[in-house]
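By written order: A, B, C and D. Residues from 1 in each chain.
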């Protein structure tokens, strides 16, 4: 459950694949969302907390993925946080999903803190910034 | 867009399939949800309205599906509302998804009207009941 | 990872929820599929093996779910295999997904063994039947 | 059904949203996949044909999306092919999904033609290249 080490395994299930026999490409972002939530929880925060008002929500403003090798049902991906970018109102997490030691899918997602009422971007909350910075120190800075 | 006739076509896309080469079974309920929303809209209501307080929400309390023949990417399903069950606080819609004239997937979903604040079941709102009854008259009664 | 005990926890992520704030109902079957795969693997089989010809595939022929209480993002469901039904060519698994000790969602899925070439139903392979029977002995028989 | 005009509407359904009340970000790529398939079909090709050997498959090698404004259940997006990039072995489609005249989500997906047996990249098939070029002439060239 925990994600303190900033890496863990994740197994591809039938529902993540398509008729071409490989992972359906948007599923890479579902994996990212799951690991983002686990990363948040390892830092003492949660998406549930965001929805209930304990923390400014962080909707996705940009995402991208690069698919380097096919991933199939039953494959056990090694997922790790590979880099962190910290802005004033937004941040970016870079993830690598590897198979047999080679990166199969690389994903980057940028999220922005917003005010729940107005929807406008706001400064990252201190506890989020702090967890981003300590995660960045353990991985790499990205821009 | 409209669903006044209570039947329409729906094409299976890659994202609805899995590595076995056929429709991933839960996708049948995503189709049902889409057609439920179109059916609601044809009756002058909407899920958006439920979320914004214009109509009591109707969460799913039971669902089932029967898979009779494989459905593949590119298949154009003929989807029709096949029957309606109307209770005091809940209702059930039965759908048939056919391929070349034969039912490939049959789906039934029961939804219950609830009070937004308490979450308790409440009587079906009059406009929903009325649309259910007129839809039932044009299809079949189910129990 | 293992599923030898026939029960484990599963956390609801944002992607499994909808704008009503609860788990989107078809997601219950994605959970079932994941646990089915883990159950197969605990018995020495796999969906990957089915796709590669090591074992007769088992497409879903019927499924149903009952939703008893709302499930939200971050909820940690206790998922357990609650019962097993074994036929000659098909089998059914019953699952309970509980929150704070009370069943929130109950799911049943029936799968049928088929011949890969013809698509016709065939007798359950011996290793699958054997694993079903030993799982049934540890849970309950369902019909 | 047809997509000869290279633009059409698409309505957000409950299954595309999450508990934050907006479209779950990976759903933008499911929309893209559906419109990609319709675009292929308008050019006389299909994903089904790719899977059955009539045309070289085109797995996604890169994708990205930018989210500019929240999209909610019931919103009717105006989706249009906004630009086309044509390489020797790969191509990129840029899509805009607009709400009330303003782009809410912009998506780009790069796909590469591969040999089914080896999985290696191959030159784009002539009919695909031709349809890309005529679509590019009607939209914009992207790099």
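The definition used in the following text is that contacts are C-beta pairs under 8 Å (C-beta built on N, C-alpha and C of every residue); 3 or more make two chains touch, one makes a residue touch a chain.
Small disclaimer: the values here were computed from a predicted structure and weren't measured.
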Of all other chains, the one whose Cα centre sits farthest from chain D: C
Repeat of interface A-B, chosen from B-C, C-D or B-D - more than half of residue-number contact pairs shared: C-D
A-D or C-D - the one linked by more C-beta pairs in contact: A-D
Chain centre separation (chain A, chain D; CA means) in Å: 24
Distance between the centres, which are taken as Cα means, of chain C and chain A, whole angstrom: 27
Averaged-CA centre spacing for the pair chain D and chain C, given as whole angstrom: 34
Multi-chain contact residues (two or more partners), chain A: 14-15, 19-22, 26, 30, 33, 47, 51, 72-73
Chain A contact footprint on chain C (complex, rising order): 1, 9, 11, 13-15, 21, 30, 33-34, 37, 46-48, 51, 72-74
Residues on chain A engaged by chain B in the complex (per definition of touch): 14-15, 17-22, 24, 26, 72-73
Residue numbers on chain A that touch chain D, as the complex places them: 19-20, 22, 25-27, 29-30, 33, 47, 50-51, 57, 59-67, 70, 109, 119
